[in-house]
Every structure is written in C-alpha cells, then in structure tokens.
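What follows is a pair of complexes built around chain A, which joins chain B in one and chain C in the other.
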Partner chain A sequence: MALRELPFRAASALCREVRPVVHAARPSLRRNASAGASHDVEHSSSLTVPPLSKDLVQNFDPIARSRQRRQGKKQLPASRYQYRSPKYYRGPLHPHQPPPPSDPASREFQPGPFSLPRLEQTYQSTIAADILTLTYQHYPPGYRPPKVENRLREWTGASPYFKNRPLRGPRGRGEELRLLHEPRTFRNIPKISRVTVHSFVPEAQENSAHLHVAGMILQAVSNVRATAHKARHNVVGWGLREGKYVAVTSHMEREDAHHFMAKLVDVVLPRIKEWKGVPGSSGDGAGNMSFGLTPQQVALFPEIEVNYDAYPPKMIPGMHITIHTDATNNKDARLLLQAIGLPFYGKLND
Partner chain B sequence: MNLSAFRPVLRPANASKYPIANALRPNAALQRTVTPATASPFSSTSRMMKRKKGKGPGTDPRITAIRYHLSHPLTPRPLHFSRLRALRHWTIHRAWLLFLRRRRWAEERDLERQYQAMRSACEHLRLMDANGNLVSEAEAGGQGADPGVIGSGGKEVGRLYRAAMLKRGVWGSVPVEYARAQVDFPGREGWNHAWTRD
Partner chain C sequence: MNAGHQTTRRLAAKAGTPICRSCRDTLSRSYASAAAAAVQTDGQAAQLIPPVAQASTQTSYGINTGVVLSRPPQITRDLHPFESAFFLYQRRLNERSALPFTRYFYYKDRTPADREWKRKIKQRLTPARDIGRYKGYGEEAWNDEVLIGAKESDFNWQVERLLEDAETTGLEDQPAEAVSSAVTPKKVEHEAVERPMSRITEADEKNDVKSLNRALQRTLYLLVKDKEGRWMFPQDRLQKETLKEAAYRILEYSAGVNMNTWVVGNVPIGHYQHNYTKALKTGAGLDEVGLKTFFMKVRIMAGQANLKENQFDLKDFKWLAKDEIQKEVEEDYWRQIKNMLAER
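This part shows the complex of A and B:
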C-alpha cells in the first residue's frame, strides 16, 4: 500500500517547491484543528523539514535507478538495521563508542516514563513550590558568602613522610566530612532521588527458600529485580557465615520510586495498627532517611495481599526502606518526607 | 539451562481424564507416535514429589513456583528494527525527549519566577521603614548573612523583613493533612469533617 503511494508522494514533494508561498499564509475564517493550530506553532521549529536540494530534484529518475538495480549494478543497502552497540565500554580512545543511554540503540536504554505518578505530579505542582517558600533564606544583593577555609587538616610535624600526603579527615572517631550546604534556590529543592528496599534473611543460610521468597516479594513490591548479597564477615552472635547469601536489595528510581512511595504512604502505612511513624532518630546527615517494616506490615502491600497464598506465610521477610533525597541535611530531607506524608516521632536527629 | 525439573505444575498433566476429549485434540495422533521412553511416566505424580518420597516432606510447591519464576531465563529479545522502523522509532523518541526537556524547563521557569518574586519582595521589606518609605542601604539593616542586624535607621526599618526571616516553626511542622496526593477527581466524601486528631 505504502509502496503504491510512493510515486504520488514523490510527485507531491516535488511540486511543493513550485507552489506559491502565498497559499500558506492565506487568512481563513474557519479555524480547523489542523489548520488553526499552525498559528500557534513557533516558526523556527526543529521539526520542520528542510526543502529538497536542487540537484536532488534534477537527478531524480526512479526509472533509471530501478533499471540499474535490475541489472545488478546498484543494490539497495541491507534492509535490516545492523547496528549493535558494543557490549563493553573500552575507554574513551576506542574507535567503537557506545551510544548515550538515551539512545534506543544503547544497551542501557530504558524506555519510559510510561506514567505520571500522582506523587510526582503533586510534587511538581505543589510540594516543590511550598518547600521553596518555607526554606527560602534571603541574602541582600551583592552578598558573597565567606570563603570556606580548609576543611581537611594538614599533617603537621617534622617527619619527611608528611610531604605530599593527602590531607587528614576531621578529628574524632567515626567523624566524616559533612556535605556543604548551599543556599536554597529554585534549582536545589530537595526531591526523592532513589528508594532502596533491603531485606536481611539470615535463615537463608540453612534454607535458600527464604532468600528466594524474599527476592520475589521485593521484586513484586518494588517492580525492580532484586539483588542478593553475601555476608562479608563471620559474625558468631548473628550466626552469619562469610560468603553465604543473606540479604536482598532492590533500588528504585524515578517512576518506580514515586509509585512505591505513593503506595507506601497511601495504602500500606495507614493500615498499620498503632504505627507511630518514622523514628526521628533516622537520617544519616546527608539527606537519606530509613525505617523498617515487620513481616506483618510487609504483607499489607497490595501486591502481596492480592496474592498472599503464593507465598509461604512464615517466609515473608521484614524490610528496611531507605529513601535517598537530594537534600544535604536531615532537616530538609525530613521536611520533604513530611510533605509527602511520612510522619516522624520522638527526638529528632538534626 | 534446563529448568524443567523446577517447572511448577500449573495445569493437569498431559494425560487427560477424558480419553475421548484427548482423542479429539488435533495433535492426538502425533502424541501416539512418541516413543515410550520419552513419553509421560506411568504415575500421574510429578517427578519432584516422587524423588522426595521417603526423605520427609517435599518442597513447598509455592517455593518451587517462586524459584522457577525467579530463574526464568526468558527475557524479551532486544529491539531489532528494519531501517525505516528504526528511523521512525528514533524520531519519535527524540520528539519525546524534546517534550520532556521542555516540560522540565517550564517547571524550572515557574520556580524561578517564584524565587525572584520572593527575593524582590524580601528586598523591599528589608529597605522599608515603618511608614512604608524606601530607605537607603546605610539606614537599613540585614547586611550580610544575618537578617537580624539593625542599621542606623533603627528597629523600625525592615521589621517585616526580620519577621519573615524567622524560621520559627518551619522545620518539622508540616501537618499530615497536607500530604494528599492530587487525583483526577475528588473522592465521594470530599472531606471527613468528623475526623479529629485525638
């Protein structure tokens, strides 16, 4: 069908050059959806097709080309799209570079998003603007924040080995270099960047069924394939043996993360009896908040509940949920999560 | 990878209870030609159950099903298109990315507009005295990072600005009633007026 239309299409494409331009701009009183909409479209669009070049038009002779092809002189290129993205990245100097992940030909390409989650829509329309208003800090024009002095300590002493050593971290055991806090602008409003679900199943060392059930439940709940993890050390108190698979995690991003959070906040958490909220001591100071759910609470997820008979009830695991946000401190992260609908209780960890 | 040993029994075995219905199947003739060695076993018990007999209870069929579906090797094949279909796909994908970028850009412009409005409003408040008149920079306070600094104009200059910059009650104060995800249509009962916080 399309092939039959082809000569007509080609002819109309050729005639387009000859047609007077006045027709296009002719004002009409009738406004159709197809005609009237063209006024709204901006003129310099990347979607317009440039006109055909002159020599292409002059050399256009389909009969001669097909005759050549029939004689076997000029074949069409192969009809299959042959490009394969390289399996491994071999460095920036390799001649065969993989396409960017946004390219459908890339191996890392993820199609989507296929839906606009309610939570994301609410965040875009309301929560982001409200957080910006709440946390706005005014600095008069011309104000320059003072330079941050050296945050890392130098090695002082007479030892010749101190020369060219990397700087030391902050003083104190377990102290880490804290993140820098930038003043709030419209560009750095905290948002949910990732959600990690983790479930620790030490019983899996004796019976791997626990690990499989936990992986399946995590996969059902999060829509992401679960990854299994081995114990790294022997811990006698917990009965851990090194090298045995004991935990499963799955990381959610973008659409999945928003769907998961909406499910958690609107469906699961309201149905937990006597749930006090997320402990206020949660938070690692870099914008990540975590809390846990017991096996009974995990069973309240709609994916588990509708198919509850498919899982052995004693093997349903508990899970830890870590919500990674773009915030650089606990306060901002907590404000975001409260706006989403996670209450906090107890002494707050600031 | 042959996973047939772990394959869960989702439907009754091949041998049907009703031989007539079995004979009516179009491939019934083909089934008869199969050699007895590879044909279905004599008993209708599945192989997993048979092997476990005498060693205690067999594996829970639910776990077998979970294991089978977790290790399922069938993944959808990658997209391989012909030339024109690939080009069409690519064009639509580029247009979709363009659309997403423009939408993101518009959202960011919205927030920027709000930010600039707040900024100019705060600047006006900072330079305003009790009568609403604009004062000079020297008379106004609030230079530097601390909004509480008072200039030569006294306490009355920029009073509203200092009040606006107080972040009292901002942190950790979002009520749980605020968190309602937006929906297309309102609920049947729009608001539960009887609800109390206890």
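This part shows the complex of A and C:
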C-alpha cells in the first residue's frame, strides 16, 4: 500500500535495488538463440528415414489398391470426386473460393522451380559476401547519420486549401525524387531481381513473320512467353506507324533470370569475336544496366544454334538485354555485374 | 538535464550496477544531446559528434594484421533430399501442364534425326528425358507421383538417362534383323559423351588437407601452425603501412610468392582480441595490455602455399573448411573468428 503513495521514480528505484538479489538467486536460464534452436531442429530428414517398414514400402501398389477398393462397386462420376477450381473469382464472400496459386489444383498454378541455379549458389556463397566487404562504410561509435530534411516541399501561402494537402514534388518539370541510398548492411546487398530481353523489329510492319521469328527466338532464349508491343506514335523518321506491332519482350525472374545470365556469361559472350564488353555509359542511375546484341551475336545462343535452320535466314533479330538489380546507383550495380563476369569498357557512368 | 534524470542517476549509482548497459547509454546520450542543445543555440548542425578521446592514455593494444586466405566453392552443393524430391515433383508437374513438344520446329520431317526422335519417344513415352515415365492422361492419370525409394528420385539415375539419350540412337534395344530390315540407310552417328567429373576428388579420398582440390563444395581457408604449435591464420605486427599492404606482405612472407591472390576491399572483416596476463611495457612508455588482430579477406585465384622460405617460423599449413577449423584452433580464438567464416 505504501508503495502506491510513493512517486513512480522512487518506487522503480526501490524495485531496482531488489533486483540484483533476485538475479543472483535465479539459476542461469540464459540460452543462446543458436544453441537453443539446434535442439529444436531435427537432425535427420523424414525423407532419408522412411517412417514405414521396408516391406510396406516395397509392396505398395496404388493401382492394385484402387482396383481392390472399387471391386463390385460402381464408380462415382468424375464430377463427384474430382476437385475443380472455380473458373471465376466471385469475391471474398463467395463460399466457393479458389485455392492459392501455389496449389497444383489452382488454375493459376505454374510449376517450378526446377533447379537451384549454379549462379545463384555462387552469389550466395561468394559474391554477396565479397560485395558486402567491398562496399563497407565504417561509422565510428557515437555517429548519428545526418537527419534527412524533408525531401518534398511545403505548400506556402494563405490559401485555406493548402491545409492537409499532400506535399509538393521537387522543383522543375518532370522532376522526380531520386532514390535514397541506405547504408549497406547484410540485408540490402544488391542482387539480380529481373532480366528483360527486348527486341525491336520495325520490319514486322510490312511482314509479320519477323515478329513471329523474334518471338520464337526470345522464348527459346529466355524460357518465358514473349509479349508483343504496338508502336504508340507515328514516327516518320523511323518508319513507325501507330498501332502496328513492332517489338517483343520477355521478363525473366528468379530461376530463369539466373540461368539466362549464366548462359550469357559462360557461353554466348565468350564466343563473340572482338566483343569489347558492356559500355560503361550504361546504367540509368537506379541499378539497371542494359546492353545490346547484334543478330549475329544472338545466333550464338545454344538454344538457337541447336535448330538454326528452323529460323528463316536474315530474320533473326538483335536484342536489348536489361539487367534489373536491387542496387540504387550505377556503381553498385556495376560491381555486382562485374562480379558475375560482365566486363565494362569506356568511360564509366557514375 | 532535469531533476528526474538526476534522481534516476543517483539512485542508479547507489545501487551498484543495477541498470543495464543499454539503459545507461541511453541516459548518457540524453545528457549529451541536452548539453549540445544548450551550447548550440544558434542552430548549428548538431549532427556530428566526434568520438571522445580515451581518458587514460597509459594502456594500449598491439595491432596485428591477419590474413584470411580462402578458396571459394568450385562446384554446386549437394542438394538436400527434400530439395531434390521437390525439384523432381515440380518437373513432373511441369510435364503435366507444359504444351506438347513441337517436333516440327526442332526436327525436319522425315530426316534421320526426326526418325530417331520418334523411336526414342516411343520407348520413353515422356518428352522429358530424366524424370522417368509420366502419364498425365487416361484412367490412371492420378497415379503420377514417384513412390518412396523409386529409381527416378536418384540423382545419378537422372544423369545416366541424359547421357544415355545423348549416346544412343534408339535402335539398340531392337532385334538385329529388325534393324537390318528397317529402311534406315542414313543413321545419326553419336560420339561417346564425356562423363561428368566426379564430385569427390582424389584429395577427398586421401583427406589431403594440403591440397586445394579437396572439398570442392566448401570454402577452404589457409591455416598455419606457428612456432608454438598453435593453428591460426597467418598474421604479423602491423608496421607503417595500410592493412591491405600488410596483407600482401604477410602472404608473401608466410606462404611464398607462388600464389595469385586478391585482397577483397580495404577493410577488415573481423578481429581477434587477446589479453595478456601481465601488461608489457612498450617503447613509447605505454602499458600494452593485449593484442588485437584485424583480419583481411583474401581470395586465392591460382597457385599453392609454400612455407619453405617463410619468415615467421611457420611449421605447417592446412586448407580447412569452417567446421574443420573449429577442431584445430583454440576455443577462445574460434569464438572470435567463427562469424567471419562462410558456412559453405
């Protein structure tokens, strides 16, 4: 009761004086996260240690079991026991909800991944740690980063409509806020997030075969369905007419992107004669690097070489390859790509 | 600084060490910022607070540079059984949902290659070559998963199927008269395909820890035995040079010049602190109470270590993976270096 009358600070001070004794009496219950977790994780996989007896596993025959079960009984019609995902999504309140896309029964299910790419393993074991060491920035203890002033402008004036209005963008027409550069930690090491392959074929306006060939080549090379694009404007100088299909792209992510990069760096680029490298002027300042390949260089991809005759002569297009990375500036993106094995030449765009 | 803070601090001081370090830091920081705000009333940038110089200049630490020379993994790692089972499951599911193989795009009709493909698909009954038989249609299409212990789930079996497909023409299993009677004047000739190299090398079998061809899936680190018989990374006292220059010098003086190396970055990746039982007196009149070793990360590109002409009296060297290092080095050393070594 008396404690309740005392001010808060005095009470907490009293409690604090008692605390060390409690600590001394208590047995050490501290355990490290690493040590504790290792007890919880099973050392053996349930796949390596079959839970069933060997006889049962050897003699298990699903077909025979199902025949035995069906003996003398009439089968239900397939619609009674086969699950089908609803064709249309009718909202969250509908009783018949589609399964998540990761479920093989879902209509949106896409199988994969099929492998663990070698390049991804190299990135995780070697490249990421090296980039972290190379880009480490030391701050002495006690350092506090300078405060970021408000990057957007206030609305100044007497107008009553300025109240609660969202802040103004940077000064100038078409200006955008530049990316923030977070201090480098093990959580934000740049990595390849996406690879885009793009092929512009203006000849497709006269003869659509060019577009089909370009699409087939992109699909063969990238393992991703290609999408065609129309010209948005009339450009007389380039012979473009609005609304005509002129280009194809395909976007690769994760496994496909890693396989494509490995193929490019290990197979295609070394076979190009007198290839100087990726131009150092490449890079958009937000971690994306692009470069181009000529039709002769595109023909060096192993997927195209294997049935080179299937493509009509002189219809193989050149392509632009854009590598999207998590980096927020050109320098870091270039460091990542150099570590993967892409050389750069000329004046660097930093 | 207000009365509440003072009271807290006085009570804290009275109780001995009752508050934890982070709380104490917070307390002192609020003091510092309050003091800074009091001084810099004219709106100067109060952001940069220079590190405070050490109060007692009587003690010091010796500075060493260590070299963590490593060889990165050379091949992909062995997949966990769950991973390989998952990948096989997904590849078989893909067979279910993939578009049919466009034969005419890859083989011209009625060519030897086309005939060979037809023969092979008749035998294999599945377009994919390394996943076994997959039946996605018919009465028993539901029975499409491999059973426990099936040969399809064995990685070597999958590799063998790919090699077999590359080497054979599809005519091998047929009886000889059928082959001769069949009208196949032109045959596709297949040269013998080179087998993939073994993932376990000779050095692995002999457990040759001096070889760089051992443990291709792991990162190997160079460990040396000094004159006291302790295993550690090569190290030496830092002289009037940068850490990077010191790393190159130590490598040359300890493991010889017969190595092509690259020092990763200009900053150390970890440090080891060793306290003496009795302080030493240095030339500058300071008490040297211990030794701090800062480790530089170095990659070996080619060559091999050679201790023949080393200048640090090193007795022996080994190339070891992380878990093997733990068995060799001292407990205290291991505790301080383990977090800078790669798991794989």
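Heads up, the rule we're going with is that the second predicted complex is superposed on the first by the 213 of 350 C-alpha atoms of A that agree within 3 Å, B and C clash if a C-alpha of one lies under 4 Å from a C-alpha of the other, contacts with A are read in each partner's own complex, and residues count from 1 in each chain.
To be clear about the criterion, a contact is a pair of C-beta atoms (placed from the backbone, for glycine too) under 8 Å apart; a residue touches a chain by one contact, two chains touch by 3 or more.
No experiment lies behind these values; they were computed from the predicted model shown.
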Exercise for review: Considering only the touch criterion stated at the top, classify A:G215 as touching first (chain B), second (chain C), both, or neither.
Suggested key: first
Check your understanding: With the two structures laid over each other on chain A, which partner does A:A247 touch: chain B (first), chain C (second), both, or neither?
Key -> neither
Practice item. Mind working out whether A:M289 is in touch with chain B, chain C, both or neither, as first, second, both or neither? Key: neither
Exercise for review: Classify the contacts of A:T185 with the two partner chains as first (chain B alone), second (chain C alone), both, or neither.
Suggested key: first
Review point. Which holds for A:L348: it touches chain B only (first), chain C only (second), both, or neither?
Key: first
Check your understanding: Which holds for A:A262: it touches chain B only (first), chain C only (second), both, or neither?
Key -> first
Review point. Which partner does A:N307 reach: the first (chain B), the second (chain C), both, or neither?
Key: second
Practice item. Answer with first, second, both or neither: which of chain B and chain C does A:Y139 touch in the superposed model? Key: first
**Study point:** chain B versus chain C as contact partner of A:L116, first or second or both or neither
**Key:** second
Check your understanding: Is there a shared patch on chain A that both chain B and chain C touch, and which residues make it up?
Key -> 47, 104, 118, 121-122, 124-126, 129, 133-134, 136, 138, 140-141, 143, 145, 216, 309-310
Exercise for review: Would you mind writing out the residues of chain B in touch with chain A in their complex?
Suggested key: 59-60, 62-63, 65-67, 69-70, 79-83, 85-86, 89-90, 93, 95, 97-98, 107-108, 110-112, 114-115, 118-119, 122-123, 126, 142-145, 147, 161, 164-165, 167, 170-172, 174, 176, 178-183
Revision key, fill the gap. Within their complex, chain C touches chain A through residues 4, 7-8, 11-12, 14-19, 45, 47-49, 51-52, 72-73, 76-77, 79-83, 85, 87, 90-91, 93-94, 96-97, 105-106, 108, 140, 143, 147-149, 219, 264-265, 267, 269, 297, 299, 342, 344
Exercise for review: Could you please specify the touching residues of chain A with respect to chain C in the complex?
Suggested key: 9, 13, 16-17, 19-20, 45, 47-48, 50, 52, 57-58, 60, 62-63, 66, 104, 109-116, 118, 121-122, 124-126, 129-130, 133-134, 136, 138, 140-147, 216, 306-307, 309-310
Check your understanding: Can you name the residues of chain A that touch chain B in the complex?
Key -> 46-47, 77, 79-81, 102-105, 118-119, 121-122, 124-126, 128-129, 132-141, 143, 145, 185-187, 189, 209, 212-213, 215-216, 219, 262, 265-266, 309-312, 315, 331, 334-335, 338-344, 348, 350
